[in-house]
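Note that the chains are named A, B, C and D in the order they appear, and that numbering of residues resets to 1 at the start of each chain.
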Amino acid sequence: MPLSGPFPSPGPDASTGDRRQALATRFQKARARTAELVATLTPEDLMVQTVPDGAPAKWHLAHTSWLFEVAVLIPFSPGYRPCDPAFLDLFGTRGDLHPAPPRIVSRPGAAEIMRHRDQINAAVLHLIDQIDDGLWDEAESALAMTIAHERRHQERMLLHIKHAFWSNPLRPAYEPVPDHLHLGAPPDGWLEQPGGLVEVGRPEPLPGFDHEGPRHRVWLEPYRLAARPVTCGEFLDFIEAGGYGDRKLWLSDGWEVARAEGWMAPLYWERSGSGSGGASGSGWQIFTLYGMQPFDPGEPVCHVSWYEADAYARWAGKRLPLEAEWETVAACCDSMGNLLGSGHRHPRAGTCHGTGPWQMCGDVWEWTADAFTLYPGYRRPDGPDEAVNGRLASNRMVLRGGSCLTPFDHAGPWTRHCLRPETRLSMTGFRLAEDGI
Amino acid sequence: MPLSGPFPSPGPDASTGDRRQALATRFQKARARTAELVATLTPEDLMVQTVPDGAPAKWHLAHTSWLFEVAVLIPFSPGYRPCDPAFLDLFGTRGDLHPAPPRIVSRPGAAEIMRHRDQINAAVLHLIDQIDDGLWDEAESALAMTIAHERRHQERMLLHIKHAFWSNPLRPAYEPVPDHLHLGAPPDGWLEQPGGLVEVGRPEPLPGFDHEGPRHRVWLEPYRLAARPVTCGEFLDFIEAGGYGDRKLWLSDGWEVARAEGWMAPLYWERSGSGSGGASGSGWQIFTLYGMQPFDPGEPVCHVSWYEADAYARWAGKRLPLEAEWETVAACCDSMGNLLGSGHRHPRAGTCHGTGPWQMCGDVWEWTADAFTLYPGYRRPDGPDEAVNGRLASNRMVLRGGSCLTPFDHAGPWTRHCLRPETRLSMTGFRLAEDGI
Amino acid sequence: MPLSGPFPSPGPDASTGDRRQALATRFQKARARTAELVATLTPEDLMVQTVPDGAPAKWHLAHTSWLFEVAVLIPFSPGYRPCDPAFLDLFGTRGDLHPAPPRIVSRPGAAEIMRHRDQINAAVLHLIDQIDDGLWDEAESALAMTIAHERRHQERMLLHIKHAFWSNPLRPAYEPVPDHLHLGAPPDGWLEQPGGLVEVGRPEPLPGFDHEGPRHRVWLEPYRLAARPVTCGEFLDFIEAGGYGDRKLWLSDGWEVARAEGWMAPLYWERSGSGSGGASGSGWQIFTLYGMQPFDPGEPVCHVSWYEADAYARWAGKRLPLEAEWETVAACCDSMGNLLGSGHRHPRAGTCHGTGPWQMCGDVWEWTADAFTLYPGYRRPDGPDEAVNGRLASNRMVLRGGSCLTPFDHAGPWTRHCLRPETRLSMTGFRLAEDGI
Amino acid sequence: MPLSGPFPSPGPDASTGDRRQALATRFQKARARTAELVATLTPEDLMVQTVPDGAPAKWHLAHTSWLFEVAVLIPFSPGYRPCDPAFLDLFGTRGDLHPAPPRIVSRPGAAEIMRHRDQINAAVLHLIDQIDDGLWDEAESALAMTIAHERRHQERMLLHIKHAFWSNPLRPAYEPVPDHLHLGAPPDGWLEQPGGLVEVGRPEPLPGFDHEGPRHRVWLEPYRLAARPVTCGEFLDFIEAGGYGDRKLWLSDGWEVARAEGWMAPLYWERSGSGSGGASGSGWQIFTLYGMQPFDPGEPVCHVSWYEADAYARWAGKRLPLEAEWETVAACCDSMGNLLGSGHRHPRAGTCHGTGPWQMCGDVWEWTADAFTLYPGYRRPDGPDEAVNGRLASNRMVLRGGSCLTPFDHAGPWTRHCLRPETRLSMTGFRLAEDGI
């Protein structure tokens, strides 16, 4: 499900040359990052798909090239001849009339896919350099959209790789664990907020996705927002207090899915054979991109569904924040956590100075209390259906911030992510809120 | 899915005697209405279930009695002995541990079920009359909840009966069509609203369900609300303009369900063999509780999913109203349509005087733009899980008003109904809104 | 799935008048028996369907009339006008192109269905009396087929009624238990058979179904056939010896279905709350058309799949008989058990004199070792597809004899019944065989 | 589904040294053949599984080693230490209690799997050389079973590879097409057979599987057997005559599966975009291990289900042969076709001299008229459940001969293969028979 949108950077007032240069750089960085993310994998690793609606990494590698070919090179490069026409058929998205091609194919092999990526890279850079000024604006917009698409797939690809490695009984690691992973959690605390009539939504000149605007006014009562996300240690208290078995804590749909799927802990948590746990969480391990890792009570809890976040909040006597509450705080501070570029591919407990808020944009996506609906005044943008995020506005809850697998320019105070409330595949955590006085 | 809640009536200040009298009257009316609704049916009619998660009418008749037995008679009548213990096991709700009993059973027969209803009626009236004053408050609350439950099942039972009759190839009628069914639609028009900081949610002394409060403030921009619901004739324009086939009008989930289920028109609309329609809708018929009926362009459109309402609004260049927008208008006027007591068991086009709004509470439930979430400050009430509507707050959209099958005291400006966006079984229509200036 | 075939009776040499008279009598008896079988049921009882591919009794009542209308009255009665054209559409079989009409409909009601049966009865008798001699042969053949169809449905209807009553938590009885139900089993024993080159298959002048012929030769080695079917007491030994949990006793497909469905005993066997059983079977009850009944160790075991029969035989160190072995014995003796006309609607243990064999044709259908394939020289008969039993010749095992629910003229030494090996709905038991010397 | 059985070769009278030598040679040949079959594949090719109950080639490579480890090395090599304990858990078969490990894993990689195969090979050869004479008989039997298992997997692995390549839209070829693939079909003709009392079943000293014996007598009427299998050209006549749409030609179960799955031709047949076919089959192509190949009317038809073979025979006015009829002819002649060792990995049309029969053992497995049941006197062998073929004796039809993918020592006059009648994955064809005079 490729979410994507326009991210023009130096702004329309910049010279065309500067804008070309900036875009070429962004393009190269995005493409290089994708390649870097699979550098530790074997061709066989790239073939595995274990998430039903997911894809093997090789497909992500090829599919992102595919969009550059169909949305940039073919429309804007006169006389462009596809490197290999078969790639056009093999790596597109599902249409309404034709079934999608299978996503697991051994041929073309990984080496061919990477060679094809190189060809696309050269062709796109050539186009950026050579395209007529008259076509530039339109091409820039298409390039911004396709680069955003490449970026989005980086996070999805890592989620699919993580699940695939976890599905292998050997539990291999995607990469070695970096040094100093384990820190203490930031101090607990609450940020008092007066509420009132606030403005939310992405401010206009900033780049972003269609569903993040337009800016509009919302009334908020006084509230308090937690200074940091809920930690694994806190969530373990909920488990040990019987939270998964207490029907009164759960919404009706959540209770049904939790029972049907036998949820007893977040996804990727595993109880070790012996040992009975206790507050320190000895007895639990967590599967990460570094393989199975010891339980760290200070880490933000991750891979919980919205239902689990909602049940935890009810158990704790608090609630999830409204997205406008979250955004009002996030927009006034610079509360970053680990993002994709940080090299930490698992949420970290990070000791921090000051009063917070901490880790708002990074480490874990944060579930909010809001269902995903379109902002007042929303207008559907032109362009391919896949580039319109607004079409997802049903049966999904809003998440804010960004995770340790989110590219830098896809995380921020106005970023709106949305997922079905039952999903646990993504790096989803949450922070609490409560009514103020 | 028995939604229910407390509806005490004369208020806590009234004398106990008055309150007993009032409740006895409400109880008798509710029970009599249920019996009246099946008066035209044969015992065999009462056996049919065609909605997968639905129930045959006989089950509704017995299940409502069951709740009076377990939630009122057994707790509050000392020494009460169940009329027939088998009824306690046969007609309860699904628990977590035990599978639900089958809902289609030939024995006990309809006559026994009705006799059992009479026994319950007598026992409840006796209890209302005889119960100690010290227990009255608690009993009154339980009775209010169980009467509301009976009321809720009236609407559901009629929806299930309608579907069952429609599933019979003979398309029998539930009752004969009443006179003067076909009127003209009210005039088209828009109500200008200034918006601003408004208060919404059920005002405290008024009776209602848990999820309809607490009252709270919401900011609204200026807006305009349609004076009447969208009509069948208007919706036919959407069909004939190809609305069901234009992907850009639909949300992603809606498009998938519409295609998977082959939606080409609202539920119960059927194209006649010959004739090609046209603006008058000749060529279409609509199945109703009166059997197949000619297409009436002035009727409010009904049995559309939220996705269809949303797609229509997008096609029309408008939007669905926010529930706060809807409520603000409804609370300031007395815009009733046909409810269950009116004897019209299908939405009517009703010519009206004045400027509207028309038919806000009645004829059709009206989809809003909002997903169903809990109001700020919501506290989960005590009591059986089935009486807590708040536990449904995910994956559902809010509907407002009430339908021609809704009991009088379950429809009003503050009534909040919620359904999954794909459902078309209920009497669901909608009215449009747009941004003001 | 209506199996049917031609059963002409007095033979082609008889006078037309005699043959008309004989057929009229057979027709009346068959129709009266069907009506008699539902005499104890309420209209609501006739509405229940609990077997996924089954039908409510009302459908059987109407569907059998339907076939007389389409296969006899319409083709052979010039100018015949259907009593009610709606019945033609409502009660037919599934075609390839159109979905079948629903089998559960409240209208027409039971009274109308029975009235329609009377009209059909009168029309058919009139046709038998009045039809031209020139058309007689063809009409006689169609009548024989449709009467056989009525007969077949009697057994199926009772199986469906039994399952429906069992599915009701109240476990009502279809009819009161008759006197002297419980007798001792016939003595155990073996019939020595020399084998050799034998002729099997229905001898030509005898009436029967297409797949029961032609007669042909088969080589048999010497063998021994059990004098009576395996009893409930013997089968209980298998259960108590752990037969359901010993994988080596089971065929691969059988093991999978037994585990998937949690088989621990034959269908309709239920272990009482307390008591641990023992050889007498105290601790078990069996649901019958007489309601729950005490365990009778001498009764033939019933409602076992072929897999269970096969596993039992392996456990006992014996085997199931070949159908040719079974038939060779059955054709040389007159070993009847209870059939539909006997009024015993459950297999009986019947003390017998002599050396047996006992109960070959009656009480329980007997599974054989043979898969159902077509006899050498089989030719597919003309006529409607539904009248061709040979089209079922895959994935089914052969059963022989007849059960206590089988009409008299559908049970005998040459009767071949076939069912999928996993089915347990029918009155299926078995007798053992072993190699001779 | 690993079918396997004992194939001791030089016979029990040979010296132990000779028998060791013979078995070592057979072991080495079998293992080398498996490795040779994947020599043209990339590690990514070895990862693809497209048949729901199938496996990727890498799993076959590892699983066959696994059985040598658990059934030979661990029991018979004192002090044997598994090369890598993880392989024992990863590549076993599904047990009853534990779910099977996933069959698609990227790690261990193909290189590790092949290295592990080499280690197993060395260990097994060492064991054959060193084992005590006193243990030899038992070890020889276990080795014979595990070698047969390896052989069986060769055919299955190729079937899975073929399906995986066909599922790739590029339709790559497994290997280049060999020269002179296309010959003419052998002449049509019939072999007259007198029938009578014949002996069938594998003669005792010959090696083979449990379900191929014991030898026993069967009575056959005179019959005629086709000299060669039905060809693609002949089967095309059936298609063009509308055979797939004529319900009367099909058994009931076959008709349902054919319609549900939209069968219009054998599996792997594809109609080219243009061209309308005709007797020459222009307009059709067939996917093979050599990629898409032109239609060759003289090739034996392949990849048809039993239902299609049965429908064709009925259409042609013939029938499928009984397995005893087939075996009686095959046992008296030396009618070989292409087997795995021939290097032709697709059925060939092979012009032949003489009167036939041709291609009985090779090119295509041949469906017979018989359901798979156990021979009279069959006794279940000891040993692991997986080595018992008799446990498959339900819901399957018998095939005889062998295919172009069958190892040499698994094809012959007494070979009995069995498959579900709806399967089309295997190299299944058929020859006709008819009654003689």
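The rule we apply is simple: a residue touches a chain if its C-beta (ideal position, glycine included) is under 8 Å from a C-beta of that chain, and two chains touch if they have at least 3 such contacts.
Source: prediction; values computed, not measured.
Common neighbours of chain C and chain D: there are none.
Using the contact threshold fixed earlier, the set of chains in contact with both chain A and chain D is empty.
The greatest centre-to-centre gap from chain C, using C-alpha centroids, is found for A.
Look at where the CA atoms of chain A average out and do the same for chain B: the two points lie 39 Å apart.
One finds 62 Å separating the Cα centroids of chain B and chain D.
As a whole-number value, the distance joining the C-alpha centres of chain B and chain C reads 48 Å. In chain C, no position touches at least two other chains. The list of touching chain pairs reads A-B, A-D, B-C, C-D. Within the complex, the chain A residues that touch chain B are 96, 197, 216-219, 221, 247-248, 250-254, 259, 306-307, 314, 369-374, 376-377, 380, 385, 391-395, 397, 421, 435. Across the interface of their complex, chain D is touched by residues 42-48, 50, 86, 89-90, 101-102, 104-110, 164, 167-170, 172 of chain A.
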